[in-house]
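Alright, structures below, take your time with them.
Two complexes, one shared chain (chain A), two partners (chain B, chain C).
Then we have the complex of A and B:
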């Protein structure tokens, strides 16, 4: 029974037990398999969970049977209690160990187009042979004739040199003083760090949906992908005693810049988004939203997807999914309250 | 040689009461501000908890920031202690704090609730923590929170009165159900949880402290003890609570309490007490404390609730 007279606690424990029973055994082998063979899924969960730990993300995916909203919540709830031990140095795009970096704005760009790993030009055919037990031939990867350099200059730098893009203002804020969306209340208009952090941990599907609405026609803009970049960034910390800078490891990061005509004094306006892990569709949509929110702050918004408050509230994965599923909870008291009114109105109006 | 491990405390996977000290400090400061400015929605960071958002995480954060080993905690959902979500939250609070739990509204020091205030009068020293899905009473007239915050700052409530007037024009009565907008301390309009209108007057000049917390929307507000709470009403069309007359609890026979309606296969309805802790006392022959409504349905503050008037 849904509202058990007694024994509600036993019922929910058995319900949870049954859920896990149907998903197969939770073992370290499953976790390792997910971590190794599904890095894009792991990346998505880490990005939305705003916690970089492939191992914990893989565990969260395994533990929830692949319910991604539940997996993200597990990471978020874990992360919320962890102390801040240190703040890393900012990641400079020109220093990221880049494995993929493309620009749609130019045929070729300084440093070159680097296709890197991508399914973009694959034929989307199911490899049905695999189901017959055929092993994929492991062809050796053909390296490029010339080894690619590890890092590349940002394309936006070239646009700035050409006077096509406004100069980026240097920000001297210390890392510990940067507004933090996870430990501060968020008010609007939000400080830019809050917006970028919110987009970094936003729901991939939610960001895509709102971003697509702009791309398709609501306040139409045609974003040109100035640069999309996937890479590995050093997490550079400062030793608390010696003051020496050292790398605590590397994280997979991705970032995207889109441009559109109509910047202020310069020719182009730029939209930016970045996240932990590699998630291209989310970043193209998020940087498009950033571009349009930047140009439409305040009362001039033409469409909800141009409003920072609308976008930030409605792309939050933990909050939107949690509220949606809360409608499963009993609401019979509030329903009775409304029912009382409806009956009185019907009685008074129709006898 | 002293082993290094002997000098350190064993590692605890979580802080006492789950939340870390920074989160608790923030919550306590926000609560103090909320008490200092009754009805004002204080923004807070709102940490993620191991409970889904929208399932009482706002109330839970307040409870976890207030709970101590000496606390006695009651958790209800729709008035019921044994609703699965209430049971789950109670289990979590007890597990993280070691606090005792109860179903007795009088014995509890902290009472976390979704959608109800108990029938027995709460007393001084008790804290009622209401879970709030939507803290913003102006949401229906202004969905943009930056703009509604400005309207609260200006006490710009004209649109609220207008929407009430429109209800009278269309339906000849107010049709707001639960979460009936109410003016606190003569200054701020609040959205009272969504408690039914039956419970709204219980906030008025109450002996206990009420803290309302929306985890997803990241707002805390409070009704301190002995603070006025006035449901919005025009002077000639008084506010009405849900009609409980003619309803008797099928188990205890008691009347003039908030009832759950239980539809029957023959098209009729039976009724039972919504407040399960109160029902438990009656069933076990335990004398309940004084209730907000007496046996004839009269509210304990005389003159607060007035007979219905239908406008022409």
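Then we have the complex of A and C:
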């Protein structure tokens, strides 16, 4: 049996009009307000959209009424229309202009800890007075006399100096030769650059869910945050004629290292994750997954969250949300086929 | 004389409106201007993993790219973040002027002022960050 579905064009158009009517007018003021006042939301969309453009991420959020999966899809779709012009110089963590750097493993790390902008230690209480029209008092912020160092070495390097961590291998891969999940098929076991890139653009909620499952007890490790840092990285390019290096601007980036006892060669094993924008919960969860997947490499996974293939496939925001929402679209042909069979079975069994 | 690296880096970090205004004033001195490239596109941004030293792609950055040739044959080039084609065009024009030796002193003064403002902004940010330095104790 074959049933074609057609029609509904006017209803579809009206549906879209109603959506815009109920969500209000899309204006440049709304976009600018989102870009200025919701940087963490903008960061999340840019990270998952795998495209750094605060202006377009804010537009995507406004245009979709704050539906993050739709916003990420819009950004990815826009990205697909643009040519890739160049590869930047690889960012070295020790060169990032750092505004926040903390460690839960060591209280005294070389360069020290700076909390930077954070609500970690604040009361989680709604400021209801604001709804009554009370303006928030602008507390005077007193900068220190001397500036903080602009950059810090990774804490992982300090652990290596103490013999607590295996040596890292220097990677001289040219930027254009780095494996890229956006242009290559992903095969498993995936090369580490694929894993880290997939985590960088992964869905925050998906990564958190799988990472949390490991933390709660389905994993073999208890992660400790060796270092969490937020900062601004230069996008360094090469002049096509003169060969001079220059920075095209700065982008917000964040990275996390977690450690756990039991490294193969040295005292600790380490996991890592980084992303465009500032997104701490995603990075702690993603670096935990990285650590757990690394400890499982070749040993046969015991839980889905230990499996690289499971984690990478199921935390891809556009593919997972797209597959999920496709189920609300007409499935009349496949459903009718099943329905026909069920009716025959009922008829045959019960008369 | 500043290097091309300093020039481009300072201009790409400067407020777009100030750069456009400055470039507009330069245009009459540049002769015929040919715009060879003026487009948006992507730059892939690699990152080095501090755990294992692996290089990987963090994501792409939206940029504007411009390349111009001015009356004396000198070429200018610029890439800056975002989709403001006028901003990258303005930077490329200033770069071309420097390559041709036009208005060098005025450009140097402008760049020095922008660089000083950027250093001051960075220092303020880092003084604000320093105010959040924490000394933790264990009990």
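In this text, the second predicted complex is superposed on the first by the 327 of 351 C-alpha atoms of A that agree within 3 Å, B and C clash if a C-alpha of one lies under 4 Å from a C-alpha of the other, contacts with A are read in each partner's own complex, and residues count from 1 in each chain.
Convention: a residue touches a chain if its C-beta (ideal position, glycine included) is under 8 Å from a C-beta of that chain, and two chains touch if they have at least 3 such contacts.
Keep in mind that this is a model prediction, so the values were computed, not measured.
Legend: residue contacts after superposition of the two complexes on their common chain; A:222 is shown touching neither chain B nor chain C. When the two structures are aligned on the shared chain, A:333 is found in touch with chain B, with no touch to chain C.
In the superposition on chain A, A:348 makes contact with chain B only, not with chain C.
Touch criterion met: A:141 reaches chain C, while chain B stays clear of it. Touched residues of chain A, counted separately for chain B and chain C, are more numerous for C.
Look at A:83: by the touch rule set out above, it reaches both chain B and chain C. Contacts of A:17 after superposition on the shared chain: neither chain B nor chain C is touched. Of the two partner chains, neither chain B nor chain C is touched by A:36.
When the shared chain is aligned, chain B comes close enough to touch A:73, but chain C does not.
Overlap of the chain B and chain C interfaces on chain A comprises residues 79, 83, 182. Interface residues of chain A facing chain C in the complex, by the touch rule stated above, are 46-47, 50-53, 55-56, 79, 82-94, 97-100, 102, 107, 112-118, 141-150, 154, 156-157, 168-171, 173, 175, 178-182, 192-194, 196-197, 200-201, 227, 233, 235, 237, 239-242, 244-251, 253, 255, 257, 270-272, 274-276, 290.
Of all residues in chain A, those touching chain B in their complex are 2-9, 11-12, 73-74, 76-77, 79-81, 83, 182-189, 307, 309, 318-319, 321-326, 329-334, 336-342, 344-345, 348-349. Residues 3-5, 7-9, 12-13, 39-63, 65, 75, 77, 79-83, 122-138 of chain C are the ones that touch chain A when the two sit in their complex. Residue ranges of chain B in contact with chain A, taken from their complex: 14-15, 18-20, 22-23, 26, 43-50, 52-55, 57, 77-80, 82-88, 91, 114-116, 133, 144-146, 149, 171-179, 194-198, 216, 218, 242-243, 258-261, 274, 310.
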